[in-house]
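Heads up: the structure comes next, in structure tokens.
Going in written order, the chains are labelled A, B, C and D, and every chain counts its residues from 1.
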Amino acid sequence: MSESTGFTTMARARAEGEAPVIGVGMLGYDFMGKAHTNAYKKIPYMMYPPPAVPKLVGICGRTEEAVAEAKRRYGYDDYYTDWRKMLENDDIQLFDNGGPNNVHAEPCIAAAEAGKHVFCEKPLARTAEEAKLMLDAVEKAGVKHMVAHNYRFVPAIRLAKELIDSGKLGQIYHFRAQYLQEWIMPHYNEKLIWRLRKDIAGSGAIGDLGSHIVDLGHYLVGDYKSISAMTRTFIEERPLPDGSGTGKVDVDDAFVASIEFDNGAIGTLECTRFGAGRKNYQVLEINAEKGRAASTSSWKN
Amino acid sequence: MSESTGFTTMARARAEGEAPVIGVGMLGYDFMGKAHTNAYKKIPYMMYPPPAVPKLVGICGRTEEAVAEAKRRYGYDDYYTDWRKMLENDDIQLFDNGGPNNVHAEPCIAAAEAGKHVFCEKPLARTAEEAKLMLDAVEKAGVKHMVAHNYRFVPAIRLAKELIDSGKLGQIYHFRAQYLQEWIMPHYNEKLIWRLRKDIAGSGAIGDLGSHIVDLGHYLVGDYKSISAMTRTFIEERPLPDGSGTGKVDVDDAFVASIEFDNGAIGTLECTRFGAGRKNYQVLEINAEKGRAASTSSWKN
Amino acid sequence: MSESTGFTTMARARAEGEAPVIGVGMLGYDFMGKAHTNAYKKIPYMMYPPPAVPKLVGICGRTEEAVAEAKRRYGYDDYYTDWRKMLENDDIQLFDNGGPNNVHAEPCIAAAEAGKHVFCEKPLARTAEEAKLMLDAVEKAGVKHMVAHNYRFVPAIRLAKELIDSGKLGQIYHFRAQYLQEWIMPHYNEKLIWRLRKDIAGSGAIGDLGSHIVDLGHYLVGDYKSISAMTRTFIEERPLPDGSGTGKVDVDDAFVASIEFDNGAIGTLECTRFGAGRKNYQVLEINAEKGRAASTSSWKN
Amino acid sequence: MSESTGFTTMARARAEGEAPVIGVGMLGYDFMGKAHTNAYKKIPYMMYPPPAVPKLVGICGRTEEAVAEAKRRYGYDDYYTDWRKMLENDDIQLFDNGGPNNVHAEPCIAAAEAGKHVFCEKPLARTAEEAKLMLDAVEKAGVKHMVAHNYRFVPAIRLAKELIDSGKLGQIYHFRAQYLQEWIMPHYNEKLIWRLRKDIAGSGAIGDLGSHIVDLGHYLVGDYKSISAMTRTFIEERPLPDGSGTGKVDVDDAFVASIEFDNGAIGTLECTRFGAGRKNYQVLEINAEKGRAASTSSWKN
């Protein structure tokens, strides 16, 4: 270990030549549009030397005033209110879909058909059918594609993966994971926002939180063989955002599942938006032949 | 709070008159025979004034030398190698069944028919059918009866129960419980003991560990509406205790379950004897409308 | 591992011959009188075969009605209201001092001089001077002697001790321990009981809680080289138990300390009776050359 | 709570007019030069609308090749190998000192004298004397000044601060904090880098780790009244980085401290670079009249 390792890893890296530039077209400017844009802006100096330098070519949203502000805020070259228009821009090689779930499939498929690489926020789609169409499209187009399962890149998860792949843990017996939030509990008085509508979100806690831990189980342990789950919607009627009355919540507030993997391991998965006392609590544990690997929640609670 | 409260609660209690004596007949002298006998011996001075004073009348086991030693060790009046004989003793008002699961039903039913109160170690029976016969018998006989679900009496569980019953937690959304041990993992080289044989134990982790957390869910949250579970036997062949070869493990080493309660709560249950790193780890958590209640493992780990 | 190991260890032990009987004379019948008596009653069957069988010869206290009840409750042969009288009983070979701290030194010294083995509740004495006199007395008398530092016998502490003694942890760098309670915080409205009076208790949290963790540091890491501490009394005036007014609290409610050991390790000790949220919370951690050993709180919190 | 709150807070903020630009001159390009530059680059879009937009005017370091690379990597307008030269640049309004501790005082004082605002990495100085000179200089110059005590801005710390300031916790009794790392333990084979040299770093764990938790105690609880500490250097001789032999470690590897505050609270502080099993573990706890506030480690461990 020298002065440039540990905390200061990569601080003294040197770049040879110029990294290729890749033009980014972003769909969405809210929560995930902000998060992904932040990532693109940091790549050139945090991952040094960068494998590529993202160029913020275009950002797209339905509300012109808002997307224009996003363009200015993040420094995109242009803004669009129609993603089809944005996909016509030849300077865009990578299409990033950070929009709501109901606009994942069609734009991603169109982007692939336009020859653009595709990066899509999770959950990939509202249904397995949609997801399959998306996969077929990117494979047919031969473009690079990826879902934003960001927790795979948490150091603790990477370490667990290395321990498993190296054989140091031996046979895996158990995988259990929980992802608990509480933001739609009664005292939050949350309205019927898009995340609570099946036509837009596809599902509730399953897609929003479950996609992360389902992916981590797959990433760490392997293919699922079977799953048995129960869902629950604790508050079935909520006020409409526009104040015009109430509407039915037709997605799950929570789910629990028993799982088995092809390699024989069994486990439990659990996600909820009614996890009192848990703002954003994600934990997982593996019990294996030669030891235990666990990842605690990564946020100061 | 005065000097006699808190840690010293009950240290200065006074008894009026004499507590009634209750004669105990114990089946089994091993792990649970020892634990239950210890409890009977402590009642007269730890629960003061005692509701009754247990008298250790008889203890029963198959191996004469061992049960004779148990009689001497614990101070029973007599020992028996035939539980039917012991049940003929009129000084016994309470029959305690601390034997293996395959000798739970018949002796308990006979004891009830002989008019004796019945206290039985968990799991109550090897099958639901056996359990129903036992329940019918004690109810018909009109005797007092109880299963040894000891964790109900842990202070943290009692506090959770009080919080729930008082309404302070409001509606319950989630119940999750894990009970993890590791004592039959490969490196323990455990043989095919009775706890791993279906004819004697009825089940593996389900009855041994699961009975506790299934009971706690019932105790704290209420009646179960449905359950979906998976079991696994990780080591399917083990050496016979007598060295004569190997035999098949026909009980579960572990199970995972998704549950729902009549009151709408959902949850997960998980038990294993392959929980690497967990000697005797029992945790549970409730997420409710107005808060969270959790019980951590009660052993220094 | 066989059926008689693990959880059932010692369940099938066999005794050869008869264990010697040792007569016990107990001073005190409250919190510690109860705890120690319970231990004596369990030795004959829990530690099997027992190294000796305690005989409950006499119990002593100032209030005749209360000590008579204690005699009846625990099954002592006789009761005394004067410990000097009790020490004259030749059937007593072991004197157990479970009384308040101000009656530790004189009775223990007298017991030693009467040739009785001495077991004394912690803290051993109110001052180092008292403690030295006690040690001199038992050594001069040649009797066996022990202070009730019970946490040394917790399995996790024993394991830590084994790890250290075996050299598996290598050089020890750090020892930190906390013992936190909250029972005299404002909302408990505690009166000026004897534990808060210097003439009786000698000290507050230092002797009551600190004696445990100071002992564990000594037991696990070794001799102390130096210590620097601060104490605090958060509530300086409390109501007298007899309702006759208020009195001054002249012991510490809490202390913090920096310590160093002869072997070079450094650490912190902290005890309080104002540890909001901590009913009885004792944790310790060791950081060493080859690893970390920690003991979490042993009570379900 | 509406769609734009919670996780998506600030995602939809709108900016009115243009934020003022502030020119930054950075000293240092390693660990902290990287961290601070990252912060400046994120301010314009993460803190929206930004109070000011940092302009990366100049970066300074001793090694020309390295600082030239840093200029290119982070996008500074110019690089310098002499901080005095950099301070002559009138486009710089804010001087950020992310260099080693021995170049904190002189450049910061010179920057203040040149009328520039001063932001300095912790520990502020190698000695109290140096720190006082720096404070005097910025106060005399009337410039804004700040030390990089970043943990003050962690949400859990902010929440604790709010709870305290609101009076919800009542009187504070205890503050305890630990900051444990392990990166110079024997198996890391760390050389005698500048962080282990008193002439450059001033101190070891005290300044590097201790400055954070000393600051948090001050921030949360108030002014310190007294402190008593012990330090230890576990490895006293290390190889020189240039391979020319070994040199003496003249800073502390660890310290423990007992503290008291003006408001009567007492506590412990502990920092080490020999905390086996703790990569970067920072915890703190407050026990107060009406409750407990604690911050767990913020990194997945």
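Criterion: contacts are C-beta pairs under 8 Å (C-beta built on N, C-alpha and C of every residue); 3 or more make two chains touch, one makes a residue touch a chain.
Treat the numbers as computed from the prediction; the structure is a model and nothing was measured.
Taking CA atoms, the transformation carrying chain A onto chain D includes a rotation by 180°, reported to the nearest 5.
Look at the contact of chain A with chain B and you find the same residues on each copy: over half of the numbers used there are shared. Inter-chain spacing, taken between the CA centroids of chain B and chain C, is 32 Å.
If you average the Cα atoms of chain C and of chain D, the two centres end up 45 Å apart. Residues of chain C found to touch two or more other chains are absent. Those chain pairs judged to touch are A-B, A-D, B-C, C-D. Remark: chain C residues 171, 173-174, 176, 178, 180, 182, 185-186, 226, 228-232, 234, 254-260, 264, 266-268, 270, 272, 274-278, 287-292 touch chain D in the complex.
The residues of chain D lying in touch with chain A in their complex are 1-4, 6-8, 11-12, 14-15, 29-31, 33-34, 37-38, 41-42, 44-46, 48, 66, 69, 72-75, 154-156, 183, 188-191, 193-194, 241, 295-301.
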